[in-house]
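Below are two complexes that have chain A in common, paired first with chain B and then with chain C.
So, the complex of A and B:
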C-alpha cells in the first residue's frame, strides 16, 4: 500500500501535527491580535485549498472565487440576522445554496477554456457582487449586513475569538483532509488527468465536463463554509470583501504557495495573510512593498514556496551529516 | 470463417475550410482482425483517427460501430463502447506516475465518486486495489512494471509510447486505434509492439493501425487501406497492396 501511495502517509501525519500546532496556537500566540489574524489565515487556507482543487488539480481558473465566499457569508448572515434561523441550519442552507448556484453558473461557464474561462468567471464574480450591493433589503446594501449570529451548535455558542479559533481550524482540518483524500482517489486522478491533457482524459472515458462541474461546485462548497466562518466571526459582512480584488488575492495565495501541491495553499495563505500585517510598519510603502514581494516571488520562485518547504528536511539532513 | 464487420465507415468527409482532409471515404474493419491505414504525410490518417475516436466530428458521412451510428458521440461515450486509442504525438499525463496513467485508462471500469474520494471510503479502497492489480499486470505485459511509480515526464520516449499503449489497454477495448505507435522506437521495441498487437488480436481485440514502418505493417496486417489526399486509392491484403501500381506510384513517385 505505502509503496504505491508514497506521499499519503507522511502527508496525513503532517496534517495531524499541523492541526495540533494550530489548536495550541492561542496559548503561545504573542498577543490576541495575532490570534485574530491566524483565524483569518485559517479562513483563507480553506478558501485557497478549495480553489487549489479547481486550479491546481483540475487546471481550471476562477476569478470569481470570492463571490462564492460572499454567497456563503450572505446566505448564513441573512438567514440568521433577518429570519432568525438556527445557525446549524443556516450553515447547511449556505452550503446548499452556494453549491446549487455554482452548479447553475458552471453549466454555461465551464464550457469556456483558458483565458475565456478567466473572463467568464470574472464576470460571474462581478454580477454576484452587484447582487450583494443591490438587494439591500436583504443584504444591507453597500454598508453591509449586521447582527449576523455567531455559530452555535446545541448549547455551545462560538461567541469568543478563542472558540471561533477552534471552530475555524476544525473546518480547516476537515477541508485539508478532504483534499488529501481526494487527490489520490479515482475522482482526483481523473481531475489531474484533465489538467494534463483534456483530450486524452476524454478519450479514456473520463467525462471531463461533468467532472469539471463537480469540482467547480466542490470548490464553491469550500468557499461557502469559509463564508459562514467569516460572517459568524465578525457578525458582519460587507460587499467589498467579496469582490474581484480578493478573488485575485486568493489566486495569488495559491500561486505563491505552489499550484497543485497539497501544502501550497496553506503556505501561500499564511504568508499573504501575515505579510500585510508586518508591512504595516512601513506606512505608505506597504502596498508598494507588497507588490514588489509578489512580483519577486513570481520571478524567482515560480513554483511557489511549498516545494521549498517540502525539501527543507532534506537540506537539514544534509547539513546535519556534515 | 467470415468475420462480421465491427466498424463501417461510409462516405466519410471532413473539410477544414476548403481542404478535404478526408474525402468520401468508405471502408470496413472486420472483427478480430488487424487493419492498417497507410499513406504519405497529409493523407488524412490522423484526421480519420480523430473522427473515429470522437475528437473531431465529420462534415458528412457515417461511422457505424457494432451496427449503430456514432459519428456525433463524444469521445467518452465512444470509450464506453470499447474504443480506445493512442496518439501520434503522445498525450501522456506527464505529471502522473506510470501506474496512475494506466489507472486513468481503467477509469471507466470504476464507480467511486466524489464522496468516496473525499471520505476515503473502504469501498473506494477495495475498488482501487482491484484496479491497481489490473493495471500492474498491464504494466508487466508492456515491460514497465518496475517504473510504476515513476512520473511519466521522467521516462524515455520509447517508454512513453509503450505506456500509452498500456493506458489504452486499461480500457479493456474491443477496438484499439494505434496512431504511429512505432515512430521513434528502436527495432527491438518495434518488434515487441508487433508481438503485442498479434497477441491482442488473438485475444479478440480488433486493431486499426496508422503506421509508417512498412515492415511492421506488412507483417501484422490482415488488410491494408491506402490513403492519398484523403481518398482511398487501394484496399486489400498486404500482397495485393505491395503490387498495386497506384500505391507504388504514390510511394515512389513516377519517373516523370
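So, the complex of A and C:
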C-alpha cells in the first residue's frame, strides 16, 4: 500500500491520471467557453514545459520564447494557407524550421550569460516579431494571417473545438512524457550540472555548450508544436500574440508554478490562463488586479504553487489523523 | 546631405530620451541588480500626470513639470516599498517578474483612471521649427537634449559628491560590506527606485509634446532605455547616455536607409552584435566589477 500513498505516486502514473481527467474534461466542463480556455491552457502548458527545460533544468533564461511559438504558428499557417501544403507535412516543416532557426540563433546567443543572455534573447524575440509584422505578403502583416487550415491526418479533420481539445491534450501528454524522460536521462543530469555550475560541469567533462544548444533547440521545438496547435485551433495568427509581453508571461507561468519542478509549469500555466477569465467580473479593474496578483504571488510565494500542491496530501492526512 | 543631417537630428533627440531612461535603469540595476520592467511605465506616468494636471488646473508649465516629477519620485518610493521592499524572495528572476507585475498594474491603473486615449502637452517654447543647413529642427528637440544632458550631469555630481550618492555606490558594489559600515541598504534601494522613477518622469515630460503619451506608451521606451544601458555598459552613467545616443542614431539611420518598419531590427541587431563582441558594454570595463566607476 505504501506505494499508493498520494505523495509517492510515480510521476508517470499521475501523468496518466492527469491526462485522463483532461480527456474527460469536456464532459463535465460547465460550458463550452471554459473548454476553449482549457485548450489554450494546454497550449500554454506545452510552452511552459519546454521553457522549464531550459530555465528550470539547465538554468538558462529566454525572453524570446513567444517568438519561437510564433515561428511555429506562422510556418504552419503560411504553408497551409498560402501554399496549400498538407497539414501533417506543414507540422513537420514548422518543427524543422523552428528548430533550425533556434540552432542558428543559439550558436551566438548562448555564449552569453545571465542578464546578457536575457537581453540577447529579448532582442532576438523582438526582431522575429518585427519580421512577422513586416513580411506582410507572407504573414498578413499587423492584421494577421487568416485561413490557416485545421490540422488533419488521413481523413480525420480536427475542425471542431472538441476534436482540437483531444489533439492538443494528446500533444501535452507527449510533451510532458518527453520532459519526464529527459529529466531522468544522461542529458537531464548534464543539464542540472550546468545549472549548478557551468565551470564544474565543464571540468567533469560535460560539453556544456553542446547541451545548452540542444536544450535551446528542444525548447524551441516544444514552442513550435504549441504554435501549430494554436494556429490550427484559431485558423488565425496575429503578430502581437508572439511579442515580449507573452514571453515574459510564459516565464511568469513557469515561476508561478515552480521553477524546475515537473508539475510547476502545468500548475502555473493553468493558474495564469484561467486568472484573466475570473478577473473579467471586475470590469475595468482586471489589468490592475492581474498585475497586483502576479507581483504578490512572486513576493510571498517565491517558490511557486507546485511545492504547495505537492504537500497538500500530507497536510490532508495530518488533518485526517486528528 | 540634408537627409543625413535630418537623421542625425532626430537620432540625437530620440537618443537623448533613451539615454535618460538608461540612466534610470543604471541606478536601479546597480542598487538591486534588477532589470526594472516598470521603468518605462514611469516615463509614461510622468507624461500622463503632466498632461492631465496641465489640462485640469492650467498651471504654468514649470510648475506642472515639478509636480509631475515630485509625484513620480513619491510613487516610485511607494512602489518599491510595496514590492521589492516587502518581497520575501531576493531571487533576481522573481524580482524581475515582480517589476513586470508592477508595470502591468501601473498600466492597468492608468487605463482605469484616465482611459485609453492619447494625451498631449504643449511644446515648452513654441512649435516654429528652425532650419539649419536645410534640415528642420523643432525647438522641443533642443529642450529634450538640453534637459537630458543636464539631468545626467546632475546625477553624476549627485553620485560622486553627496553622502547619499556615495552610499548608493557603496551598497551597489558590495551590499554586505556596505551594511556593515552602517549604510541602510534597504533605504538606499528605495531611494534609487524613487530617483529612477523621477528621471523617468522627466523623460516622459519632455517627450510628450513631441509624441503624445498614452497608457501603453511606456513599455517600448523602457525597453529601449534598457538596451541603451546595456550598450553603454551598466554601472556607468556616461555609458548609458552614450548608449542611448548610439541607439537613437542607429534607429534614425535604420529608418531612413532601410525602412521605418525595420528600424528596430537594426537597433536590436546592433545590440546583439555588441553583446557578442563586448559583453560589458562600450564604457564598461571588461573583467572588472560592473560598478567600478559610476
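Descriptive notes on the structure:
Note that the second predicted complex is superposed on the first by the 313 of 322 C-alpha atoms of A that agree within 3 Å, B and C clash if a C-alpha of one lies under 4 Å from a C-alpha of the other, contacts with A are read in each partner's own complex, and residues count from 1 in each chain.
Keep in mind that, in the parts below, a contact is a pair of C-beta atoms (placed from the backbone, for glycine too) under 8 Å apart; a residue touches a chain by one contact, two chains touch by 3 or more.
Since the model is a prediction, treat every value here as computed from it, not as a measurement.
Contact with chain B, but none with chain C, is seen for A:181 once the two complexes are overlaid on the shared chain. When the shared chain is aligned, chain B comes close enough to touch A:197, but chain C does not.
Look at A:316: by the touch rule set out above, it reaches neither chain B nor chain C.
Once the two complexes are laid over each other on the shared chain, residue contacts for A:206 go to chain B alone; chain C is not touched.
Contact with chain C, but none with chain B, is seen for A:290 once the two complexes are overlaid on the shared chain.
Note for the complex: chain B touches chain A at residues 53-55, 74-76, 79-80, 84-85, 87, 91-96, 99-100, 103-105, 107-108, 110, 112-114, 116-120, 124, 127-128, 131-132, 148-149, 167-168, 170-171.
Residues 3-4, 6, 178, 181-182, 185-190, 192-193, 196-197, 199-208, 214, 218 of chain A touch chain B in their complex. Interface residues of chain A, counted against chain C in their complex, comprise 61, 108-109, 111-112, 115-116, 118-120, 122-124, 126-127, 130-131, 133-134, 244-245, 248, 251-252, 255, 259, 284-296, 298-300, 302-303.
Listed in rising order, the residues of chain C touching chain A in the complex are 35, 37, 83, 86-89, 91, 93-95, 97-109, 111-112, 219, 223, 226-227, 230, 259, 261-262, 264-265, 268-269, 271-272, 275-276, 279.
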